[in-house]
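A, B, C and D label the chains in the order they appear, each numbered from 1.
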Amino acid sequence: MSYTADEMMTVTAARALRDGMTCFVGIGLPSEAANLARSTHAPGLVLIYESGTIGAKPGALPLSIGDGVLAETADSVVSVPEIFNYWLQPGRIDVGFLGAAQLDRFGNINTTVIGDDYAEPRVRLPGAGGAPEIAAACREVIVVIRQSRRTFTERADFVTSIGFGDGPGYRERLGLAGAGPRRVITDLGVLTPDPGTCELVLTGIYPGIEVGQVRERTGWDLRVAAGLSVLPAPSAAELTALRALIATMPAAKAVPPARAAPEGAAR
Amino acid sequence: MMAEILSLAEAIAAAVHDGDSVAMEGFTHLIPHAAGHEVIRQGRRDLTLIRMTPDIVYDQLIGAGCASKLVFSWAGNPGVGSLHRFRDAVERDWPVPLAIEEHSHAGMANRYVAGASGLPFAILRGYRGTSLPAHTAGVAEVTCPFTGEKLTAVAALRPDVAVIHAQRADRLGNVQFWGITGVQKECVLASARSVVTVEEIVGELDPRPGAVVLPSWAVSYVAHVPGGAHPSYALGYSARDNDFYLAWDAISRDRETFGAWLDEHVYTSAR
Amino acid sequence: MMAEILSLAEAIAAAVHDGDSVAMEGFTHLIPHAAGHEVIRQGRRDLTLIRMTPDIVYDQLIGAGCASKLVFSWAGNPGVGSLHRFRDAVERDWPVPLAIEEHSHAGMANRYVAGASGLPFAILRGYRGTSLPAHTAGVAEVTCPFTGEKLTAVAALRPDVAVIHAQRADRLGNVQFWGITGVQKECVLASARSVVTVEEIVGELDPRPGAVVLPSWAVSYVAHVPGGAHPSYALGYSARDNDFYLAWDAISRDRETFGAWLDEHVYTSAR
Amino acid sequence: MSYTADEMMTVTAARALRDGMTCFVGIGLPSEAANLARSTHAPGLVLIYESGTIGAKPGALPLSIGDGVLAETADSVVSVPEIFNYWLQPGRIDVGFLGAAQLDRFGNINTTVIGDDYAEPRVRLPGAGGAPEIAAACREVIVVIRQSRRTFTERADFVTSIGFGDGPGYRERLGLAGAGPRRVITDLGVLTPDPGTCELVLTGIYPGIEVGQVRERTGWDLRVAAGLSVLPAPSAAELTALRALIATMPAAKAVPPARAAPEGAAR
């Protein structure tokens, strides 16, 4: 069964989630992956959206983090201050799922502005949303992002959400509870931080993708792990489930910008 | 002091004046679009607009030239893309320059909590390590007097006016809303004045699961505006008009198309 | 990690150990009396008992010698009078000396909020001008970094164990309670472990107006204990036994009468 | 119609409340007075109890601030943190109704310990409850207390809730929002603070009470206002309403301690 790069990316992201985990979900690719996991190998996955819905079980993919289906299917709906203060901040959530407009070699995320001058940005992005605190507090963070020299930059123009800062010890010095971006899942493969340097290293690659292509679409001199693994292609079951999910979503897919900026923030 | 029940035009005229700071809240659900359109019709200028998630209604207010400043934490068309009127104002000062003050959601939510609590600031674990504090006023570091830990303080939000949409009010002006209730209670309690548009006004507010009730004496003005959240929704009354959110991308991309839409759908359609 | 559904004896044995700090909450409504009696039966000692409103159940735990310290904001028999076992311990060290740390209700509530929020402290306008700070640890002055205003900081509460009573749980261990919900959500979220006794365990928790739901993964142990709040009440299941509160005054006044009551109603009545 | 000193006190306290006011109510005498006002001249009085019940309309007098009737008849029931943080602290509440075990000449309240040594108290009282923040934040405070040399002391052994501290400017220096105890209503008459000195002065006296009796039951050299007024006796309607209310209450009245310590705090 043939598949697209986006499908491979979403399936790989879904596989990263285990049953029974609690997952703070942003809209866009993260929501697709989390709902795919819930509809396949992780039926007990607890989905938490920043709109205050805890344990949402959407049958259809929501277009926004505040769709009615999330409230109607949730175990509990709490206020927005409560979801951030009582549920996210103390580090109760296993996984935070983020997108990014720019990601640097230390996993720092930019969803605010492109360009060096904040006052005169080349591109004005949506901004932070819930991402900074998700990146700080979740036990681990998974970033889902399409890979290119534009998105994978040596330095982020603006650090909206902290990854590993400038390297080892940075998160610890700030007293951040979570372990940070343990996995970056792209349309080419998977990067994970080097235990020693915290630099993102290519550890997994998709079938049919060459390391050269990945290097070409990375804005820094990408290191490749010794034991680079080729990740399994999506199964027919996974693809069927994913396509069924996408089909439930409003015409969003038809609109190009749908896959652009908003993934940048946590919704 | 009980809430006054007025028409939308009367309520907005009584509550919103040029130069005010105005917070319209509603987290995807219950967004007060009709009230926003009334502010545009009344030609308000120089407003400081406050909202965690400025989306279509703020794109319209900004494009119509009502705002000189935006305080926010996420500005986009959810699930669709950019806010073109917002970007045109920030990137090209059209129709007027727009100053911005941006925070994270957790920061904004806690700023409303501080305002609602009568405190000058709130503390949270946030912003640390990011570029936000360097560009944003109202963010500072505080030290725990017991553990010595460093935490982030954010300044309280105290808007002049809160504007929200709710499912129901009773004839005394008690307000009830349910579903995703967001930050609206904090927004109203943090503000000096408030306008609440409602789907219906009933004799008695029977209890509803998950409902927030704002007593009449904590609200300034209530206006009966069925469908006042469209294209957002009111759980139990309407569904989110996702097609409009998708269509807004094209309408708002171009200044002329936007102007035409405004003429047809806002200026000429008094409620 | 889902909550485990156990017997009351198993749940208390798993959660409460000698020397623990234990917070039993329930603001007049839903007070976990049966769980408190099980702690007495299991002979726990040297507990730091935490509760905003220590009333009869804490009078019993203190009189039975389970506690070496009490953290509280109001210790009395509501509408009736003094807690005689509490006073005997404070005034005459019987049966064991009882150290006390007292706050105001607002202070205690905010200490739970800080604990539930993963913050080391909370700020409020309180305590100022009173004699409390001079005699109470965990109260300090903080200055607003934006306005220079002086406010009060209180240290977070992080009990080892939270014990509450709720109306219902489902078979997965999700917990639901309504009516006066007090500070129980904050108490459970602030604590390392939690025990929730419930009036009934149902297949599905249908939504209820005013209900708080604690998801199973935020709770440690659930025990089915119908009537577990008596003489307090569970809205929709039982009424407050005001006569018992009135009768407690005489029972608790005298050490012997109290001892006899304990023998008859607690030690000999395992659940 | 004959009446007791307590009835005169409660009726006088009820008269101090105007229709439409918001009132933060402690249990005991304050609750009786507030409910009497609601059942007579102030049907629109908004009763707020620290249990989180806003706009409670009890038909029967509650024995505790958490009785079911309060939740069932309230416009809104909120959490305990919320009632203190969102509703009391910002100064939204017009009147705070407090009892006291000790009250000093500057209206400072003690409900904690009797005796000079906190560690070895002569009498251990219930403690603060919600009183300190009610005394600080309500627009004005009304204290209801039986008058004696034991309860009206030159200095409070322990200041649980602040009145006027040591005199003029004290509340302002602490930045307290509320105006403090504008009225102290006893079983003999009414005291109000001297505008200049903040000292409590006898401004109203009940029919048949002599100033000498009041002085005798005051632990400091009590000043009497020039225009001392004799307050009107309870009307038949007020007495009938009050007795009907008391009759709805559990046997509490039968138990002497019922009228003791707990009034000390705000419940």
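Keep this in mind: a contact is a pair of C-beta atoms (placed from the backbone, for glycine too) under 8 Å apart; a residue touches a chain by one contact, two chains touch by 3 or more.
Bear in mind that the values here come from a model prediction, so they are computed numbers and not experimental data.
Think of each touching pair as a link: the shortest run of links from subunit A to subunit D has 2 of them. Annotation: 27 Å between the Cα-based centres of subunit C and subunit D.
Subunit B and subunit D have Cα centroids separated by 41 Å.
Each of the following residues of subunit D touches two or more other chains: 85, 89, 137, 177. In subunit B, the residues that reach two or more other chains under the touch definition are 118-119, 124-125, 149, 185-186, 210.
Contacting chain pairs in the structure are A-B, A-C, B-C, B-D, C-D. Residues of subunit B that touch subunit D in their complex: 1-2, 116-119, 174, 185-186, 189, 213-215, 217-218. Within the complex formed with subunit D, the subunit C residues making contact are 27-29, 52-53, 72-83, 86-87, 90-91, 102-106, 109-110, 112-113, 124-132, 135, 149-150, 179-183, 185-186, 210, 233, 235, 239-240, 242-243, 245-246, 249. By the touch rule above, subunit A contacts subunit C in their complex via residues 20, 22, 46, 54-55, 75-76, 85-86, 89-92, 137, 177.
If you check the complex, the residues on subunit B that touch subunit C are 118-125, 138, 140-142, 144-147, 149, 151, 153, 155, 207-211.
If you check the complex, the residues on subunit D that touch subunit C are 27-28, 50-53, 62-68, 70-72, 77, 79-81, 84-85, 88-89, 112, 118, 121, 124, 126-133, 136-137, 158-162, 165, 170-171, 174-177, 250-252, 254-255, 257-258, 260-262, 264-267.
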